[in-house]
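Just below sit the structures, each encoded as structure tokens.
The same subunit A turns up in both complexes below, where it pairs with subunit B and then with subunit C.
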Partner chain A sequence: MERLDGRLGFWSAGPIALMLTAFFLAPMVVIAAFSVMPQRVFEFTQMPDFSSYRVIFEQRIYMPLVWSLGMALVATLILFVICWPLAFAMAKVFKRFTLVVTIGVVMTLFVSENIRLFGWILTLMRGGLIEGHLRAWTGLSFESPLYDIPAIVFGLVYVYLPFMLFPLAQGISMVPDDARQAAVDLGASRWRVLWEIELPLAAPGIMVGGLLTFVLAAGAMAEAKLLGGQAVVVISDEIETAFTFGQNWPLGSALAILLIAIIGSLAVFAVSRLDLDALMGRKRS
Partner chain B sequence: MSHDHHPIMRLAGVYKRFGDFTALHSVDLDVHEGEFLTIVGPSGSGKTTLIRLMVGMDEPTDGTIWLRSARIDQVPANKRPTCMVFQSLALFPHRSVGQNIEFPLKIRGVNQGDRKTRALELLSLLRLSEHYYHKRIGQCSGGERQRVALARALAFDPEILFFDEPLSALDYRLRKTLERELKDLHARTGKTFVYITHSLEEAMVMSDRIAIMREGRFEQIGPAEEIYAKPISRFVAEFMGEVNLFPVVKAADGLEGQGLAIKTNGHGAGADMQPGARGTLMVRPEAVRFLSVGEAADITVSGRLHSEYRLGSRNQYEVALADGRHVAVEALRQTGHAPPPGAEVTVGWDLAHCHLIAET
Partner chain C sequence: MKPGPRTTIALYLYGILALAFLYLPLVSVGMASISQARYLTFPIRRYAFEWYGEALESDTVAGLLATSLKVAALVTLISVVLGFLGALAFARYQWRFRSLFQKLILLPIFFPQTVLGLALLMWINALDVIPDWRTAVLAHVVWVAPIATLIIAIRAYSFDPALEEAARDMGASTFTILKEVTIPLLMPGVVSAGLFAFLLSWGNFPLSLFTTGADSTLPEWLYARMVSGYSPLVPTVGVLSIAASVVLIMAAGLITLAVRWLRARQLARIDRQLAAQVTTGRPATAGPASPAADASFVPPAPAAACE
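On to the complex of A and B.
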């Protein structure tokens, strides 16, 4: 019986394995292959010359990548700082009110990201909700914060807040209350408890939240296009341009591979240091 | 054990309310320097609330707490020179055994070398070998974790060491071992220990004094032997183990109660009671014995042997009297010449072993 079960299990994993190979792995292989082709070719029959990678560094096309990773890093750090108190309250203080916060935050995900970003444009633009009212009531005016880098980071923070908040709350809920109380009893100040007990014990949640927001923000495009008004070009935008207007598939592929390599190694590093079992509530061995 | 005139900790008129619920009603308590005091009570009696106030994890609604000559009831736990061993032990799972023990020293800014020296001293004090220093908490057994938690608390070098039922989750044999070790540790360190538990046995084995709690008040505080032999209420008598209780009324020359006529000749139990006053006569089962024909005792009753329980070293018997009441008898196993179940028996005890609880 056991052997039959094993064989059935093996064969029933077949369809999904085939599908993943065809629709996930194959495009990656195609991209990887294109990335080593000469410039502006549309077939694999050329000799690979890795010229795209040279072009990226010689013509400083890596700048969008730097911008994307930099803004993603700043957004992730800001999110961590602003989400920690709320996540702490959700995990340890709010009790039933946590559900209200959860529903409130999740509700925002029901509306398309672009529509929400347009909402911010109407709010923040000159003559928009804030500046318009201020001018009508007091005669004072100010420059719109839109179309600059801080506006992009604000957009990233706004859009990816749930992806930091919920893992963080999950991580904090894993910190035993009596470990915190014991630390206080043994003389630790509030900051010492945060540093010695809460941050290390909530680390899996911090890792997951940080990884999710960083990866999503690094690949984000809408915030830079809508709120940033092309103040900077982000990597997803650059890749899209290379494939479409630029008609340079090898360059786009090389940029994509670079992004995948950086984010992939980061994710592998983080996940390898992570006790996923503990996060899922299973017992530590 | 030295009893100073000034207690190391004094609670005066301490109240704790949670909304409408009053968890502590005007609690007064003196903790003596160097004693092993155990606070015993059933769950919900307020003992955990009390210990949280004493270590500073909560503030009293009313009343004062003094540590020697300093008033501390508003001082938070991290500013008090006391510490507690938690029921869950509250060890830090992400730190090694050594780091756990060194934690209070690290907070105080003691340098690494001195910290390690002290941690190793404490490990050996608690009979854990040196190689535990680098072990993870997850690799330690239940008993080893108890010792690590104790070592960590001792590293803090508290004025008073509190315990919140740390042994309750352990199996019987390990609990017995650790009870003795704790008592021994108390003697060796000379520190003041305040221990809370719902287990009377734990309290009896370890404590110098026992305080019995009931519904947010102390019912009785005193040496273990006194509380066992001379409880001031039915509650304490019943809480301190199996007991026979007989309602009695003071008569001119003794006590009377439902078929018991006891001549006290003006001394012994109930001597200071007014005639007509009500009370409860208490006798512990181990003071009651089976009487053979012609054997005498101050007080005797007859009935049928109803049941027998083996408690290991002792046996316990229940004798059903004619009026439906039961009398518990306890005897050492070896002396077991007890009659078979169902037999008619006479049991008796002496006045010297009785204690009279006056009606309040």
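On to the complex of A and C.
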């Protein structure tokens, strides 16, 4: 049985593993190769000179990366705080309503993110859904919060909410009620229960949720372009510019490699520490 | 420790608020799509559906729909096949590189799509291929197939390997087991994976942006229009694209309900037949109900239940 399992596993994994090798891992190798080429070449057969990395640090082109990582971090922290109560309620308090929230949140994922962000422009702009109605009804008005850095963070929080919410809820559902009850019986305060029971026991969910939102937000572009105006250039935008208008593939590749190195090491670190069988399957150890 | 009634009510309100927050921008898009004015301001003065007429008659929109549709359909087909096999390797079989394979599947999901799109564009260029909608299919599959794998894997985790082993012990070949046991059991997962695959591909923007070449999908076109200033067609086409997703989801829901109802009716019929056999069977075996007489009408039961 074991040998048969081994063979079947190997063959059924084959197609998708081949596909990912050819179209996910191979492009990464190509980018890495391009990133060490001299400036403005279009093939990776020349002598590597690592000039792109020097250019990035000498001309401070790394600033978009700093902005992206910073905004992603802020968005992740905000998301953790606003999703925790909802995730807790979905795992422990809501009964049928959990299904309603789940379906309601999943449905938004199927709407293209740029349509949803465009909806926020219509909602928040001057003469938009909120300001327009407020002025018509009360005569009051306010400046549009759009086209600034907080608007970009807001967009990230909005778009990546599901990626924090569901892993958190999954993590909290793994906290045994008995452990919480025992702590309460022994006189622990609500905060102490949160700090010493719930957060540590829900750690796998927190890790997946935090990492997923951070990684996806760090590479996001539409939020900054649509809600942020030209307030700040994010890393994906800078990479795209280097590839298209700049016609400088090595520079774009080096920027991409820097981003991939940072988020990739985070992702690999987290993924390697997860027990997927326990998190996804029925097997709860 | 159950939270008190006040906390519970507060949490319900919070949940409702969160849903309202998620859907508020879509309300704005919906309202904007039925505003008659060329330059939108709220509150809307006059509602009209004329932009829908314009959008539906436009050849551009028809072309975009066709491109998005064929991309999504192909992505669904490929992702479900890859995901089905991948899920078995992910969750079901114990094999040597399983844990490495699980990590490989997760990587594309833990990866910013914009960067993935750019990386693929470079790879396509390096291979000397001219990007068009077919390369976009490829790009979508890189991201969607792992998601399909995970969805089917969740289902595969919950099925009992003993069912497959029993079939094997009774002499079924690997192919027969796949056809008669594995596929029917994983079917619900396959259906939801297919639905996810289609919808995620249909709405995808960051991957399409870099990999469609001269072709354009709906989200791409909408984005190009959004950054070049307001056009009343943007909310209208946006709503049409959402409506297409909603129709698909509802169709899938209805089909699922219908299948469940048919199956329940079939089971009820089998139950009735069994009950009839029991009631008519008893008088036939006259005399005290001996174990042998009982055994004589037991065999039909499992046979009928298996149908």
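Rule of thumb we're sticking to: the second predicted complex is superposed on the first by the 254 of 285 C-alpha atoms of A that agree within 3 Å, B and C clash if a C-alpha of one lies under 4 Å from a C-alpha of the other, contacts with A are read in each partner's own complex, and residues count from 1 in each chain.
Quick note on the criterion: a contact is a pair of C-beta atoms (placed from the backbone, for glycine too) under 8 Å apart; a residue touches a chain by one contact, two chains touch by 3 or more.
Since the structure is predicted, the reported quantities are computational estimates derived from the model, not experimental observations.
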Applying the document's definition of touch, where does A:L201 land relative to subunit B and subunit C: first, second, both, or neither? first
Quick one: is A:F110 in contact with subunit B, with subunit C, with both, or with neither? Answer first, second, both or neither. second
Return first, second, both or neither, reflecting whether A:Q181 touches subunit B, subunit C, both chains, or no partner chain. both
Using the superposition on chain A described above, determine whether A:S189 touches subunit B (first), subunit C (second), both, or neither. first
Name the contact category of A:F269: first (subunit B only), second (subunit C only), both, or neither. neither
Subunit C versus subunit B, contacts on subunit A by residue: C
Of the two partner chains, subunit B (first) and subunit C (second), which one does A:P15 touch, if any: first, second, both, or neither? second
So which positions on subunit A get touched by both subunit B and subunit C? 181, 184
Under the definition above, what is the set of subunit A residues touching subunit C in their complex? 1-2, 5-17, 19-20, 23-24, 26-28, 30-31, 34, 44, 85-86, 88-90, 93-94, 97, 100-101, 104-105, 107-123, 127-129, 131-133, 136, 158, 161, 177, 180-181, 184, 193, 211-212, 215-216, 218-222, 225-226, 236, 239-240, 243, 249, 252-253, 256, 259-260, 263-264, 267-268, 270-272, 276-277, 280-283
Interface residues, subunit C side, partner subunit A - complex: 1-3, 8, 11-12, 14-15, 18-19, 21-29, 31-32, 40-43, 81-83, 85-86, 88-99, 101-116, 118-123, 126, 138-139, 141-142, 145-146, 149-150, 153-154, 157-158, 165, 174, 199-200, 202-206, 210, 218-219, 222-223, 226-227, 234-235, 238, 241-242, 245, 249
Under the stated contact criterion, what part of subunit B meets subunit A in this complex? 55-57, 76-78, 83-84, 86, 88, 90-94, 103-104, 107-108, 138, 152-153, 156
For subunit A, which residues are in contact with subunit B within the complex? 176, 178-179, 181-189, 192, 196-197, 200-201, 284-285
